[in-house]
């Protein structure tokens, strides 16, 4: 390989260099700002994580899997996965190999950062070079890979359904500029390299193109404009990058180590939240995932649009979007980069200014029935064996509206001979989760304190909950030393496993609806299924587990009116009844009453079906 | 306001008032509050109208205040009333005239109760007999003394020396009439003009040249309300009611208030001083209050009696501005001279309410 | 100086003529359903906070419309935003957001933290 | 021979009955005391819940019953029973012999001035529901200031469910009428605050609840639960209304530019008079007493005498029309049965 130009420079590199300098400065300044905005402990944790080999290994894995291979998208849809990873990985490889070539052939040019990018312009092929035809091949191969990805991307613009996406994001103007400049980079590179392939060498793609071009174009002067165009496309792309969704490319690189360092959203707009916003690739996977999408007007209220509005500081829309959300967490579950749509929204809610603040200091927990927890010993009614643990049962506010759940649960406890106390039988203090979801953390914390005091005083070993909404906050925010916190699905499963509660299979078929807060919120998926499988035939919904569809009754949404939720519930019911189960089983009082309103078949809580079946058996 | 509409209602509520031969019973408290009023009533009946009116020194309270304060049961009040009726029967009268509105209401209530529950009347007759060996006939007619003045209002007007007219402008005086609650609120048909627009005082004012003003709180209690005033802790409530009435009548700039109840003129008069002390607010012109009169006092004034003989020096709110307005002559020097021309001493003047 | 030992009792009556509607109207712009309340009382019957502060969103709404804002704020003191009232409201009023909107639009100067 | 059926009262019940009888081939005679047909509906503007113009309904009814024999300005002078028929003497000297009489004498509006505390006929700004409809019709009422209206009140149950007014029955239509009129007034005076003072809202009919919600949400009409205790006039001639807001547990007071009293339905004295002639029973609510109140609401205890409409109790327009048809069918089956 020999150099054609002594200077190793041509003016056409300027657009690229401009763009490169701009985007590098932008990203470095941005990264420094974000790290500075982190709370002190978070920043410390981040730096410590960087020297922790385990976390670093995870970071590297995530960088490759998430940023380059888009593993999550592959899992969702092969076409979608290929489209994204071909462009990302292909580009990455071209850059890497480009640099290898420079190292190999013109090591003195390493410091000229444009050199690897426009390598083929500056060099001419020599005989010895052909040893490197392997790299020529790789370069053409990855270029082809990218081009195939771009063709798919163009098809996706028109027919997103082929990629498993019913709906896709409406691009903003900067997104469009970014998109078109990105699309044009690689065909232009191909064209430019095609023109120079006879001089600089190439492989199957560039050489063939060169042959085609020379068959009807003889003027070598066509060469320079195409290199200019290539450079301009790169320059434009890099200049528009910070203002378009392609900002996710650099942002995600920082997001991954921060997430792996265990950092959470602590401020609505700064630090980690800001990084999440910029990490959003605008792919629109969250649009289809959103349960509100059944109503077309809600599409603009999905996470991708929240991120866009936060970038634009459109406070009115930010408020609308963050208040409307059901906080089901599905967008978080499906997001390929891990933007936490639900937490982001709670954070937005938390910065509202209120002129009236509730205050619970007047609530005396020693008064009335609040903390009179007497554990009823039912050991004389032992079914199998008496466990030596005391259970405090907190049914929750919502369960008070579906008393069949708490009744079934207490019956089960009694039948199993468990010492238990029904903490909020005559009403209690809310767990604080609804207040937390509204972003009023101080108020929620007051409730947490009160309940903590009551529960700690009771001397219980296990806190049993029937409502996943309570369960989530008890798990996440309560500090109950020495007390195990269990949702009744877990507890029933445990009783079955320990042989205290026996189940018998019946002929009925059941589908289990994963409540948002229990499944995505706390990761409880298997226990209820195990229990149901013991009771009858468990069938699955079309979308289940992590991708279960919110019932529409969620307390998470502040603004969605009752009338606006009906289609969501119906859609969720449709999803559940694909396999035509006899009974819809759930484990959340709110899901139960929401489904019950519109369901054509019985909707039961898991405790109910366990108790019912048990009762039938005993009566026979 | 549609005057014809009111007239129609007045025509629906006309009661029979006996012409002559009245048995008169006094009020417990009026003689202390407005000592000349009852005397003036008797004088007008006897001397001006030439009627036969009889009173008996043996009659007692009707028990009304105690009854309304829940300190005696109704049977006790009924027995007291039965004794009054027995005195009337013994005196040979059939037309019972009460000076007090609460008594009038009490009598009306008891007579109605007996009508509805005759066994109760029998029981009361037995109790009266046991208590003092007396028997009684129920009165043929029951009237309040203001009913009589109302009935003869036009005769009084014919003999009047003064009219309720501003002598400088020739305009009728703006008069607030205040009816005691127990006059017709319990039994609208027992009062002249009914309960909604009682005509008894309005009739007098109209005959004597004044103009009655109809202000929003005209129906409201004066604030006495027995238990409200008698218990000190409740006095804030008592005065709040009076305050409400004055606030409501204030925009109409009334020249005077005429009442037919023992408590009302007292509270409407005295509370004006208290309100002035508490709030610094006065309701009359130039820092004065609105003078409050009993109907007998007003009748006496139009008939030309000396204001001081009518006991007007005992009012809290100065009456002189009104006397000047009507053109009634009076001797300021003899205001605080008793009937025996001896000085009865001057009261201490309040801070905020102008009282001469 | 008051030498009487009592004062004119303040009126407990609601004077609609003196009610300043501006803020309630502002609230209605955000929560048009607020006026759909038919005073059934389901909300207060189910409210866990009513045991502590007599919270009743029905009464709160009424008091705000009657100019008795302080009474309303006092009741709202213990609202835990649990959402039971929203669940039971037969008229489908989004009481949770309504409560939050009241907390934003009105200003409880005395109870401010 | 065509059977003659005498219909006493030319309101909507009488007209609808006549038109149905004509269709069945009978010869109805309408005897109407006043100089026009249509009774109360003829003075009404729009009918709930569809806001149908009352005039449309009426002209249709008059059109379809025009072939009946109609005596206007005619009262019943006397009635007496012959062997199996009735002899009716009219005030115009005509006498009719008929086997079938349909009484459709309707109701009379409660005289609002009897509720003295509300000041109808005393205060300038107090009108009744009928006055308001009249104003809707011709826009002419000295008591209503077209230019300025800040606050308007409606008092429900005036003379209904009120022992003191000697009417314990519910007049059934006033709640919905008040809501209808409140909406209509709000449309004309969008800036006015409108208050409905009610004891109970008795909105039972089809679409009535929607109407109520619409009044609350779209028109911002204030519903105050509490019966107005008294009305006064202030120095500006406005009316001050006092009530207890029973939901707030506090007395309430408001100054209004106009107060509309929802006068209830009471029995028409003409019904009572007509009933007296034939010794027909009167119910405890003052209305005519049907054979029974479930199965034979259009039948009187006397053979050949039938009732339709509000003469037996307060009714809505559709109920009245349905009852007229029902009574016609009863008469028809009776005639057929005899043949």
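Letters are used for the chains, namely A, B, C and D, taken in the order the chains are written, and counting of residues starts over at 1 for each.
Operating definition for what follows: a residue touches a chain if its C-beta (ideal position, glycine included) is under 8 Å from a C-beta of that chain, and two chains touch if they have at least 3 such contacts.
No experiment lies behind these values; they were computed from the predicted model shown.
Trainee: Provide the labels of all chains in contact with chain B and in contact with chain C.
Mentor: In this structure, the chains that contact chain C and also chain B are D.
Trainee: Just the number, please: Cα centre separation of chain A and chain C in whole Å.
Mentor: Roughly 39 Å separates the two chain centres.
Trainee: In angstrom, rounded to a whole number, how far apart do the mean CA points of chain A and chain B lie?
Mentor: Inter-chain centre distance comes to 85 Å.
Trainee: Indicate the whole-number Å distance between the mean C-alpha point of chain A and the mean C-alpha point of chain D.
Mentor: Here the centre of chain D sits 66 Å away from the centre of chain A.
Trainee: For chain C, write out the residues touching at least two other chains, lowest number first.
Mentor: 33 - these are the residues of chain C that touch more than one other chain.
Trainee: Could you list each pair of chains that touch, in label order?
Mentor: The complete list of chain pairs in contact reads A-C, B-C, B-D, C-D.
Trainee: Which of the residues in chain A end up touching chain C in this complex?
Mentor: Touching chain C from chain A are residues 323, 352-360, 362-363, 368, 397-398, 400-401, 427-430, 432, 434-435, 438, 440, 442-443, 447, 555, 558-563, 590, 593.
Trainee: Contact residues on chain B for chain C in the complex?
Mentor: My answer: residues 232-233, 235-237, 239-240, 243-244, 274-275, 277-279.
Trainee: Considering the complex alone, what residue numbers of chain C touch chain D?
Mentor: Counting only chain C, the residues touching chain D are 12-17, 21, 28, 32-33, 35-39, 58-59, 62-63, 65-66, 68, 91.
Trainee: Quick check: in the complex, which residue numbers of chain C touch chain B?
Mentor: 2-11
Trainee: Under the definition above, what is the set of chain C residues touching chain A in their complex?
Mentor: Its residues touching chain A are 33, 46, 48, 51-53, 73, 76-84, 86-89, 92, 94, 96-97, 100, 102-108, 111-113.
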